[in-house]
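Presented below are the structures under discussion, each in the form of structure tokens.
Both of the next two complexes hold subunit A, though its partner changes from subunit B to subunit C.
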Partner chain A sequence: MRQWLVMMVLAGVAALGSGCAFHRTVANAHFKDIDPSFITVGKTTVYDVLDRLGPPAPVSELSENFRLISDTHLCYVCYESRRTTFALGYVLFLPFCWEDGQMTDELLIEFDRDSGVVSSVTRTRQATVRPPLQGESARAPRQTQNLTPGLRR
Partner chain B sequence: MGAIMRRAVMLCGGVVVAGLLAGGCAWSRVEINDGQTYAKSRAVRPGKTTTAQLEAIMGSAPNTVMPVKDGRQLFIYNFGDSKTEEFNLILVRFAKTNARLDTAYFMINKNGVVEHVSVSNNSQRVPWEWVPFGN
Partner chain C sequence: MTLSHQAWRAVLAAALAAVAAAGCTSIQVGDRELVRKATAPGLNTKAAVLQRLGSPGAMITLDDGRQQLVYGNSAVRGGGLVLSELGVTLFSINRANRRGDVVEFTCTPAGRVCGVRVAAQADKAEWSIWPFSP
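Coming up: the complex of A and B.
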């Protein structure tokens, strides 16, 4: 009797556990490592920044170009998502899917509208979690750091 | 009877273990737009190349045209590479996608001549990875 129970549990695990998937997507990871220390506030121009760092790039849709550049800013973005899928018993249930996607690193360089030189640099970092295995409480606090005071003038 | 049951349990356990262990890897790759954009952009000469010549060199109209101050325009071409590696077991699947997009900026002055060129080339070395955990 006990052996039958074990067998049924094993069969149940095999049937119900069929199709757990863990997926992670990272877009533009190289922008995480940008070092803006070469910038001199009030002197470095947009062309200086572009020549040194290259242009910003979208992470999902090409329409993001409008968000990443303007007369007054350049924005370098790294995106990450973590998706977990549980397809419990393909025949009996639809799959359950959880996903958390964040702009994990965003470097915003702002320029003076008239002179076109750098006026401020800000970095924002936001961690991702893996729901449902991790809840919001596991997420590290969002960090926004004004880098301008540490740059040359 | 007990021996048969034990054999059945072992068989079932073996099937579950095989299900956990058997599987395979998969790789998929998506190239976004023209992979030759970086090479083509080297032929553009700031101060000389016109808008019409730029589009002839690049082989297409830009993905985005953005008006900027002083009557200038920014022509933007995007390209890149996305690689996904999967490690598939029957009961569980691990996958990671690494994507890198590049951009070519061509600043066009009000006379229709390219004033400045800025092109990135980060999508040449996108790594294959399948572990979806960690930082």
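Coming up: the complex of A and C.
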């Protein structure tokens, strides 16, 4: 009797667990650790930056480019999302899905509109959490760093 | 093996609870506390805005030299259930609430904030019922 019970519990766990999946998607991972130390504030131009780093790439759609590039800024974005799904696929399909998506690393390079040289560099880092296993309280505080004072002039 | 009336009631209640709970979807993109942070006092300069909110989603320079920093977030909450057999959907019902906030700061060329606009999109419920279309 006890063996049957154990087997039924195991079968139940296997049936429930089969629908459980954890996803992590990272877009533009190569932008995550851009080193802006080559920039000289007031001297490096937008073309120098483009030659060195290439153009910013959108996370998912090309239409995003409008917000990443302008005559006064370039923004290099790394996007990460964590998704947990639990989908029971036995006759009655109950899809459970939790997702958190954040721009985990953004490097914002601003230019003087008239001269086209770098005027400031800012980096923002934001962590993702994995809902529902982690709530908002588990998220590390956003970090924003003004890198301009540390660059050459 | 026969089940008592109480056991049947418990099984029925569990089945109803499962259907009532159905599936749930929760997708959060961006900072859900955006509006609260953006409307807190102290954001008088562009530098302060960048320090508190990070890089903007969009940065637009107007013809008169003023700059607009645009921030946004979005969220989808929903739920539904699908009844299927052998890979064929027999019935499906889903509901999703979509909402998002947009905050727009306008800064003078000198870097002072001269305007803030907050647009909070109200919950927009979307139903999808298969095979019927509402």
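Criterion: the second predicted complex is superposed on the first by the 144 of 153 C-alpha atoms of A that agree within 3 Å, B and C clash if a C-alpha of one lies under 4 Å from a C-alpha of the other, contacts with A are read in each partner's own complex, and residues count from 1 in each chain.
Note that in this section contacts are C-beta pairs under 8 Å (C-beta built on N, C-alpha and C of every residue); 3 or more make two chains touch, one makes a residue touch a chain.
A quick note: this is a predicted structure, and the numbers were derived from the prediction, not measured.
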Fit or clash - subunit C, subunit B, common subunit A: fit
Partner chain(s) touched by A:Q134 [first = subunit B, second = subunit C, both, neither]: neither
Which of subunit B and subunit C A:C20 touches, first, second, both or neither: first
Touching partner for A:T45 - first (subunit B), second (subunit C), both, neither: neither
Contacts of A:T122 with subunit B and subunit C, given as first, second, both or neither: second
Partner chain(s) touched by A:T148 [first = subunit B, second = subunit C, both, neither]: neither
Subunit A-centred angle between subunit C and subunit B, computed on Cα centres after superposition, in steps of 10 °: 110
Contacts of A:P95 with subunit B and subunit C, given as first, second, both or neither: second
Which of subunit B and subunit C A:H73 touches, first, second, both or neither: second
Overlay on chain A, subunit C to subunit B nearest C-alpha distance, Å: 10
Common interface positions of subunit A, toward subunit B and toward subunit C: 66, 70-71, 113
Partner subunit A, residues of subunit C touching it in the complex: 18-19, 21-32, 47, 50-61, 65, 67, 70, 80-85
Contacting residues of subunit B [partner subunit A, same complex]: 5-6, 8-9, 12-13, 15-16, 19, 63-64, 66, 68-69, 74, 76, 78, 80, 90-105, 116, 118-122, 132-133
Residue numbers on subunit A that touch subunit C, as the complex places them: 66-67, 70-73, 75, 77, 81, 87, 89, 91-103, 106-108, 110, 113, 122, 124, 126, 131-132, 136, 142, 144, 146
Residues on subunit A engaged by subunit B in the complex (per definition of touch): 3-4, 6-7, 10-11, 13-14, 17-30, 47, 50-51, 54-59, 62-63, 65-66, 69-71, 82, 113, 130
